[in-house]
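The structures come next, written out as structure tokens.
Shared chain: chain A. Partners: chain B in the first complex, chain C in the second.
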Partner chain A sequence: MRPGHNSKRFSWLTIYAVGYMLFLYAPVILLPLFAFNSSTIIAFPLSGFTTEWFTVLLNNAALGESVENSLIVAVSTAILSTLLGACAARASARYRFPGQRGMIAFIMLPLVLPEIIVAVALLVLLMQLGLSLSLWTVIGGHTLICVPYSIAILSSAFHGLDRSLEEASFDLGETSWGTFKRVTFPLVLPGVISSLLICFTISLDEFIIAFFLTGTDATLPVYIWSQLRFPTKLPSIMALGTILLALSVILLILAEWFRQRSAKRQGVEASAAGGFL
Partner chain B sequence: MILGREARQGLTLISPTMIYALLLLAAPLLTVVTFSFWTQDYLTIDTTLTLNNYREAWTQPIYRILILRSLMVSLVVTLVTVLLAFPIAYYLSFHVTRRKALWLFMITIPFWTSYLLRVFLWKVILGYNGVLNSALTGLGIIDEPLTFLLYNINAVIITLAHAWAPFAILPIFVALEKIDRSLLEAAEDLGDGPVRRFFRVTLPLAMPGVIASILIVLIPTVGDFITPRLVGGTDGLMIANMIQIQFGKANNAPLGAALAVSSMVIVASISLVIYLAGKRFGGKTQ
Partner chain C sequence: MQDKPIIELRDVIKRFGSVQALNGINATIREGEFFSLLGPSGCGKTTLLRMIAGFEDPTDGAIVIDGKSMQGIPANRRPTNMVFQSYAIFPHLSVAENVAYGLKKKKLSKAEIAAEVDKALSMVDLAGYGRRAAHELSGGQRQRVALARALVMRPKVVLLDEPLSALDKKLREQMQVELRQLQQSIGITFILVTHDQEEALIMSDRIAVMFEGNIAQIDTPEGLYRRPVSKRVASFIGVMNFLDATATGQDGTGLSLDIPALGKVTVPPSHVPEGMAAASVQSIGVRPEMLTILFDGKDKAESETTGKVTGTSYYGDMTYYTVALNGVGAPVTVSMRNTAGRSVLPVGSPVRVGWGAESIVLFE
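Moving on, here comes the complex of A and B:
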């Protein structure tokens, strides 16, 4: 770029960008503000500093249970989605076969389907089969919507893989399992970890599918939804949201770090948007 | 059909994921379509095929109003989101030279806060005693708090435009990044001014990204029921709320299925039209 070439437009755009970022961060900034605010009413002006709402969370049995449920769901979803995502990503990056594009497109479909459609469709099928709702049904639905994200992340990892490394391993007498374990897997490991973290984060926050498919065991977002009706519960919900935000940011930073490391390890320039698209 | 070794290996490898998608996506979607031709009486399902659900979905004014409103809201949200996102994507691609990845990361962070809480916080911002009203009255810009902010379609549009922002920015950014910068210089050398150059070179080349973000925002917003429920008031309810009610309290899953199928068919047709129109405008760039 030639700086100064269109400096006037540049400055207008910069002002716009700053304003836009303020718009994006407006709700997020409020979260910790109200979490540490001593008033029970979620409104300005702020009254005083307190950590009371965080201690309230500690003694909440229903919350503890929903956190436990959410962790079970999110961990299972992350593992299952990454396994299924790895198969599809590897197949699309390494092999050519008839129907490939169509299959990949179909597997990626949940990315653009409204979640309520996915949720309702799964619910109807379960009703017809006479299966009861449980955490497993939530895991099934979450895996369906997480697999496309996993494929997106792992595709770039598998595409960047230098095929000659695997060929060298075969030539040196390794079996295909040995090659996978000693060459392929270590090279794509950062991508795998990044996929696990992203799927975990998506599942932990997903509400609509969990709302339709959960039985008696509420997940964390379902619990939050039930609490939004009670004004007295709101400050502690803000505290909970603050903890979740901090946790998500840490997980995402880790995921991004692993993704860039994966790209570096393969000698590919880390494309900024590669992890998201 | 005889397949080569490579094709067989590829098919074997993709089969677990494909089977999973068939079982948990294709089968449920087919069931929901079938279901929409059935009827429900309390707990018993009558499996005689009938078009009654569709007749009700398409003739009852309440459903028509909700579907039309959902489409209108989604289209406005899409328009607003993409128009607001384009300059940011353009800024990132053309004016940010260092730390692009950090910018992108900063853009996505707000969207990893709990979706429910983000919608709820917009309620706090837009409410009668909310952040915006207290700031405006505090600054003396207005005397009375504004009441048109919350519990109507405006609130739904603002909240959704916020929720889908990164999904609109990223595809446009990727498309802009792909543009060969020498094409822009060529346009300039051939005498195009900045505005002309933008409309004749940059925008058509960025079109695949713009179309992608339009579709990524349009399709899922039609199906949102949290935002209308929390900030929409009674005049801001959308079709997804009705679908949820049919599957829940109203206990009429077949009608809910018919409403879901109808809205999906409408959205899919609109998407197809947008896709084809975009392809024509952008030419064959990909």
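Moving on, here comes the complex of A and C:
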């Protein structure tokens, strides 16, 4: 190998990597930039610093309501999907039953199904059943698309669990419920937290299903979309985006920190414990 | 009392779907003995152990522990505790919490639990390790924690599922001796599952040799080695030379044989298995150490034959020779201690091989 060859390739790779990161994150960086810009028009050059748009947000009752709706939906979806996902993941990891592969494949299908199709199908079904649209129908739709993610995350957690640990607990006089509480749950907890977090995030920013299935109570993405029609509202939408961005980053860092800590306590390589970061 | 039965297995049958894993196992394990289930992988020994523990239900037959049928009694209510092959140390708990795990279900005070845990840990030579995390332990230490966790429950029977197979050779040999000594000092019945015949011989009071879901023989280590009931058992335990033989008669002095490779011999009645008819003898077995190479003209044996060295394996303390006897049949293995002044014979050397009638095992 020629000595210069390696460094040359390395420099091209660096340029590519930097370009790639810019492409990924430049639009995101525009968000806080315009959120603190004093002009109502979203364009360069920047005119001055202000926190006015954040004050506008605070005094917006409709926004407050949509945030509340979104939190209700996202938290319910996260809990429901993780619960259902945990049951399916454990069953697929622990037992062998007829039709198992087909069944798991069917549960995972919404992962690749176009969301618009799921949304329309659900809307038609609900109409046929004569059910009225509410936050509950949104929760149902979100759970449907979140369960596959939850199963994917929790499967690795349950597959990594040595079966003899549960047998040892049982052998030492513990009941099935006690074994779950004292052995199984603490060991899959990092996976459970990952699943809760991913499902929460997916549900929080999901638009299509929420748009179709929501009744009078708009979720946050639906509210934001409805506000885009008014150009004067744009800067405050930027401010809202900035807050959401900061929150998600903090949330993800917290979750990863927690996962690594618990993996370290168990003596497992953090990377082998099924992390998503 | 040593002869009181602690576990009785009566016609235990286990089927997995259409596969018959165990075909009617009958055995009695006595209180306080070290009992081994020995066999190649897939012989059903682990299934049998798991059924005693309560992780599997027998398809048919009965398992009786300490006089009580275990029918319908789950693992968490049986007087048995298991040391798993993977040790199954709870990774999120410390050593002391692991050992105390089962005690939480018993109604003991915190101080009593701590005392029990300390006692169990010092029993397995791990005093002072209580606060360590599970992942800070070596393989041998994990094995000891698993043992302490089982012993602290004061079970009637400790079940060990290939507990030493994950350890390196030196540590394994050390643990074999330690486990045996521990078992003898506390007097609890141990049942060991292993595929390692040497391990079973070193540790056990009695061994059940299993093949394909059946027990082929239950005996003491010495009985198993000296009087195997079949060629299969004989070749599974140690090395055995098999030679063709035909019976020429049977009377009060014993059973007369013509062994082409060795010569004519009369096996004394005490060495003929009960109920074995002379006509059914097809072959004989003789262990490598029961054959002797007679090094100089003065060496004498009860009987002798001649042969030629066709190969040697040097083990330091021993040399294993392969010797073609009288030019008949396959060569046999002869083991000789490398005592002072005795050098390894080169391949091709003609040798005299000594043997005795009492070393001969008869096979049908």
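The criterion applied here is as follows: the second predicted complex is superposed on the first by the 249 of 277 C-alpha atoms of A that agree within 3 Å, B and C clash if a C-alpha of one lies under 4 Å from a C-alpha of the other, contacts with A are read in each partner's own complex, and residues count from 1 in each chain.
Here is the rule we use: a contact is a pair of C-beta atoms (placed from the backbone, for glycine too) under 8 Å apart; a residue touches a chain by one contact, two chains touch by 3 or more.
Quick caveat: nothing in here was measured; it's all calculated off a predicted structure.
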item	value
Chain C versus chain B on the shared chain A, clash or fit after superposition	fit
Which of chain B and chain C A:46 touches, first, second, both or neither	neither
Which superposed partner A:254 touches (first chain B, second chain C, both, neither)	neither
Which superposed partner A:88 touches (first chain B, second chain C, both, neither)	first
Which superposed partner A:246 touches (first chain B, second chain C, both, neither)	neither
Angle at chain A between chain B and chain C, C-alpha centres, nearest 10 degrees	100
Which of chain B and chain C A:187 touches, first, second, both or neither	second
Partner chain(s) touched by A:174 [first = chain B, second = chain C, both, neither]	second
Which of chain B and chain C A:165 touches, first, second, both or neither	second
Closest approach of chain C to chain B (Cα atoms, Å)	8
Common interface positions of chain A, toward chain B and toward chain C	none
Sites on chain C touched by chain A in the complex	53-55, 74-77, 80-82, 84-86, 88, 90-92, 101-102, 105-106, 133-136, 149, 153
Residues of chain B that touch chain A when the two form their complex	1, 3, 6-11, 13-18, 20-21, 24-29, 31-32, 35, 84, 87-88, 90-91, 94-95, 97, 100-101, 104-110, 112-118, 120-122, 124-125, 127, 129-131, 134-135, 162, 165-166, 170-171, 173-174, 177, 194, 215-216, 219-226, 230, 240, 243-244, 247, 253, 256-257, 260, 264
Chain A to chain C touching residues, read off their complex	162, 164-165, 167-175, 178, 182-183, 186-187, 265-268
Touch list for chain A against partner chain B, complex	1, 6, 9-10, 13-14, 16-17, 20-21, 23-28, 30-31, 34, 42-45, 83-85, 87-88, 90-92, 94-98, 100, 103-104, 106-107, 109-110, 112-118, 120-125, 127-128, 140-141, 143-144, 147, 201, 205, 207-208, 212, 221, 224-225, 228, 237-238, 241, 244-245, 248-249, 252, 256, 260, 270, 272-273, 276-277
